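In the two complexes below, chain A is the common chain; its partner is chain B in one and chain C in the other.
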Partner chain A sequence: MERLLAVENLSVGYRTYRGRSKVLDSVSFEVLRGEKVGIIGETGCGKTTLLRSVLRILPPNALIYGGKVIFKGIDILSSSHDNLNKLRRESIGIIFQDPMSALNPFLRVRDQLYDAIKYSKLIEGYKGKSKDYLRELSINLLKEVALPDPQRVLDSYPFQLSGGMRQRVCIALALTRANELLLADEPTTNLDVTIQEQVLNIIRNLVEERKLSVILVSHALGMLSEFVDRIYVMYAGQMIESGRAEEIFFDPKHPYTRALVASAPKLIGKWEAEALFGRVPDYVNPPEGCRFQSRCPFIKEECRVIKPSPQKISETHWVACHIYGG
Partner chain B sequence: MVSGALEVKSMQELRVERLKVSRIELWKDSIRKWWFRFSKSPLSVVGFAISATCVALAILAPIVAPYPEHAGWYINLDEALQPPSLKHPFGTDHYGRDVLSRVIFGMRYSFILVAVVLPLVIPTGVILGVLAGYFRGSLIDYVIMRLSDIFVSVPPLVMALAIASVMKPSMINSMIAVSITWWPWYARLAYSAVSSQKNEYYVIYAEITGMSKLRIMFREILPNCLGPILTKATLDVGWVILVGAALSFVGLGAQPPTPDLGTMVAEGSHLLPASWWVTIFPAMTISIIILGFNLLGDGIKDIFTEERY
Partner chain C sequence: MGNNILMILDLKKYFKTNYGLVRAVDGITLSVNEGETLGLVGESGSGKSTTGHLVVGMYSPTSGSIIYKGKDISFTSDKRPKDLRNEIQIVFQDPASSLNPSKYVKDIIASQLRLIGIKDRWEIENRISNLLDSVDLPPESYMYRKPRDLGGGELQAIAIARALSTNPKLIVLDEPTSALDVITQAKIVKLLKRVQEQMKLTYIFITHDLAVAKHISDRIAVMYLGKVVEMADSEELFKNPQHPYTMMLFSSIPVLSEEERKIRPKKVRSIGEIPSAISPPPGCRFHTRCPFVNEICIDREPVLSPVNGNSSHIVACHLISE
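Up next, the complex of A and B:
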């Protein structure tokens, strides 16, 4: 399969009051055409930073230390403004974490959708047609995301909609431009559990129907492993393990991944989930060697000195940990 | 869940559905909602009543005032310095002019000042503030905000006095003086509001949509900053009147035959305390207008600070 997106040795940090932080530490991953990729990691491990650097929408205090984000042969991080705009308009769509602030509270849903359509590739079909066509297009989009009563939704303001409805509007907005790649930054975290399932189903159906590639970022392994083909496990800005979803879920190798799997409550056996103590290390002065060392139960001498390199477990599965050599 | 073939309604049907809720109905609904939030505090309603009365009196001055001709040059020394009576409820001044009529016309001049100053000042300040806030950290930001800092570092009244005293005293010059003093406050307000909105996801979304920067600033961000700006505008009606009156009081505003409230207080001040009515009634009018618009501003703040979600 063709490689759609490749992130190579990406290092990103932020200018903070304590100095320059190093959040992403030479992160590499790739997405094939039509593939569903999941990125998992706990809060504050750089998932959102990673997704934002893919679209180059990092906050102004971000620093890119090095690396490449290559989308269909174009390096997004060094491409011109026009090229970037073209990619954002025609290829890559993003769903943000918080549907509450992703919609402009002062504009009606229809105005926001019309704008999104007007600035997207869909407009090519609109040229020379009346405004009713725009409305028809919007209604179709809203129907695709399974919103009941799209007429009413179009004419309402965001605050009149529930969280789930708003997230669906956000998905519709992302669809206006996601013709190849859809980035979903924890699209279900701010929704209640029953709505989470619905929203995920909608995303899944759309992706399969339109043959999109997806990067789904989440901290819920169970949800992710059900949804995606391949999972990357991220810890403190480093990719520590990757494999097909079932490999990660049933045969985790890295101590952190194991802790992640163990921390999910299960319906059989012991009811209590196991918590992993400690927290993500400081990014301004990250530890030498493996960034997981402070929480790792299997720590060895070299963990404190040498950054582990990826070790192959199988054709599709690798892990970066000194337990497995390297 | 999602069907492959989507049914598309005909344009006729769409139009019919859209017309079901007419625009007027929607407006009525919003006004009802605003009034509900506004009227939660009875003081806002009082403020609304006061300011509406003042504005109505000012507009209808020639009809309402008992002696409209007393607003200009008019001398009737027979009736000079009459205390308040049924014939002259606010008494008469040293030229025998009816103080009530002059106060009503005085409000007119005060509101003319506001009506000129605020529409000049608000767009200027807000546009500059939005630019500075959106390009935060750039040269544009530094130039605009440091300039406004210079203006803000001098108290507005002192600044207006300084500017007005350089120019020939007249109504128009006092308007110019007040305007020059006033814009930085709106620039700062808009600046802080825009800076706080700038990193919201919807702005990032607008940016990746490919909209022009002007469109993002004025269509996406600015409407979300209107709450504090409108609130300040209402409060400022009172303050602009006060500064205008202060300028007239020291003789830098409208000149004597004009029934300006500040000028009237100044003219009457050497008749105190014997003929107190010549001073007290214009002064009270100024206070009441300011009080009314402050209360109204509080109510308008309530409309905007109501939780949107």
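Up next, the complex of A and C:
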């Protein structure tokens, strides 16, 4: 399969009042065309920073120390604004975590959708058409995300909609852009389980219909297991393990992944969580070597000095941990 | 299990808003046995938090009664006898906003201890360090830290320590783990279970996550739009869910393995959203989303009745009682 997106040795940090932080520590990953990739990690491990780097929509205090984000042969981090905007307009769409803050509370849904459509591929060849045409396009989009009563939704303000409906509007907005790649940043975290299932089904159907590639970022293992082909596990800005979904869930290697999988509440059997104390290290003075060292029960001498390099477990499965050599 | 510690009889709570009367809790009857954990599950807007808040006396019920150890406590906590007030505590969902970010952990807990009449400084210090110990936080390193420097799991542990400070008998846990990461969530649930055994506590565990509820609860009550629609022992509920809403919740749980996928009921797919509590649908409140809806469901409201003569498993659904 063709490689759609490749992130190579990306290091990103932020300017803070305490100094320069180093959040992403030479992160590499790739997405093939038509592939559903999941990135998992806990709060504050740099998942969102990573997604934002892909679209280069980082906040102004962000610093890119190095690395490349290559989308179809173009380096996003060094391309001109015109090229970048073309990609954002025509190829890559993003769904944010909190649909309330992703929508403008002062504008009706229709105005936000019309704007999105006007600057997208959808409108090509229809310049000068009336508002009715825009409305028709918007209604079709809202129908695609299975919103009941799209006419009413178009004329409402975001606050008049429920969380699930707002998230569906956000998916519709992303659809105006995502012709090749869809980025989803914890799209269901704020929703009820029942609504979460509905939203995931919508995304799944759209992805299949439109043959999109997806990067789904989340901390919910169960949700990822039902959605993605391949998973990357992230801890404190480092990629620590990657493999096909089954490999990660049934044969996790890294101590962190093992704890993560054990912590997921199961429907069968006992819930035996491994005790993992502490939290993600400080990014302004990150520890040398493996960033998981402060919480790792199997710490060795070299963990404090050398950053572990990826070791192959199988053709598709690798882990970056000194336990497995490297 | 021992005797009833808490009884809730036909409890109702309506809130007046500009748009009309919100029927947050609309006639629920529950009992909680001493030493057990009752799980309250449902989507947002089902009235589970309001129920918990009524039990701790954050507001007074519109009608119905709450009976704690044989005494009627259906009013706000300031009108309750002081010793009863101490015996019922609450832990909130978001520890970051339920703890004062700029006070020392020590002072947060000390203010509670002073309220229950402990004045001696050494005694207070002693108790605090015991409390922090009991929630796995080394006192010497946490006493003089402020909530803003701590992570979600540590904060929730402190909120639990604060709730324990008055020697409660009953703790209402209002989604204590839903703001936490999976790893921390597992740790907090483990901690809660251990503390419960040590101190012989009774829990009302409010959550929207059925998988978590399964692991901590002895019994589970499923709520929908201010009503209890099904209640059973937690094992029984998972083995044999009866109400279509329970099945819908159940089938929406994302799982990892194939075995788990198999035991999820397939019949009910999640559709629609919870209607407004201002004008709940007539008849069975779930009929707008139910795949098995009948005429009778729209006409008449089902009552809670036992399943197959098993009085510990009750369900409110026309399909089953018929």
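Here is the rule we use: the second predicted complex is superposed on the first by the 319 of 326 C-alpha atoms of A that agree within 3 Å, B and C clash if a C-alpha of one lies under 4 Å from a C-alpha of the other, contacts with A are read in each partner's own complex, and residues count from 1 in each chain.
Note that in this section a residue touches a chain if its C-beta (ideal position, glycine included) is under 8 Å from a C-beta of that chain, and two chains touch if they have at least 3 such contacts.
Remember, it's a predicted structure, so these values are computed and weren't measured experimentally.
Once the two complexes are laid over each other on the shared chain, residue contacts for A:94 go to chain B alone; chain C is not touched.
In the superposed model, A:322 makes contact with neither chain B nor chain C. After overlaying the two complexes on the shared chain, residue contacts for A:219 are found with chain C alone; chain B is out of touch. Applying the stated contact rule after C-alpha superposition, one finds that A:264 touches chain C and leaves chain B untouched.
Annotation: chain A has no residue touching chain B in one complex and chain C in the other.
Residue ranges of chain B in contact with chain A, taken from their complex: 1-2, 4, 6, 8-9, 11, 14-15, 17-18, 21, 136-137, 199-202, 204-211, 219-220, 223-224, 308-309. Across the complex, chain A is touched by residues 43-44, 151-154, 181-187, 189-190, 208-212, 214-215, 238, 248-249, 251-257, 259-260, 263-264, 269-274 of chain C. For chain A in complex with chain C, the touching residues are 42-43, 148, 162, 164-165, 192-198, 219-223, 225-226, 249-250, 259-268, 271, 273, 275-276, 279. Chain contact summary for the complex, chain A toward chain B: residues 55, 57, 59-60, 85, 88-89, 94, 96-98, 100-107, 115-116, 119-120, 132, 135-136, 139-140, 143-144, 146, 151, 155, 159, 173, 177, 201-202, 205-206, 209.
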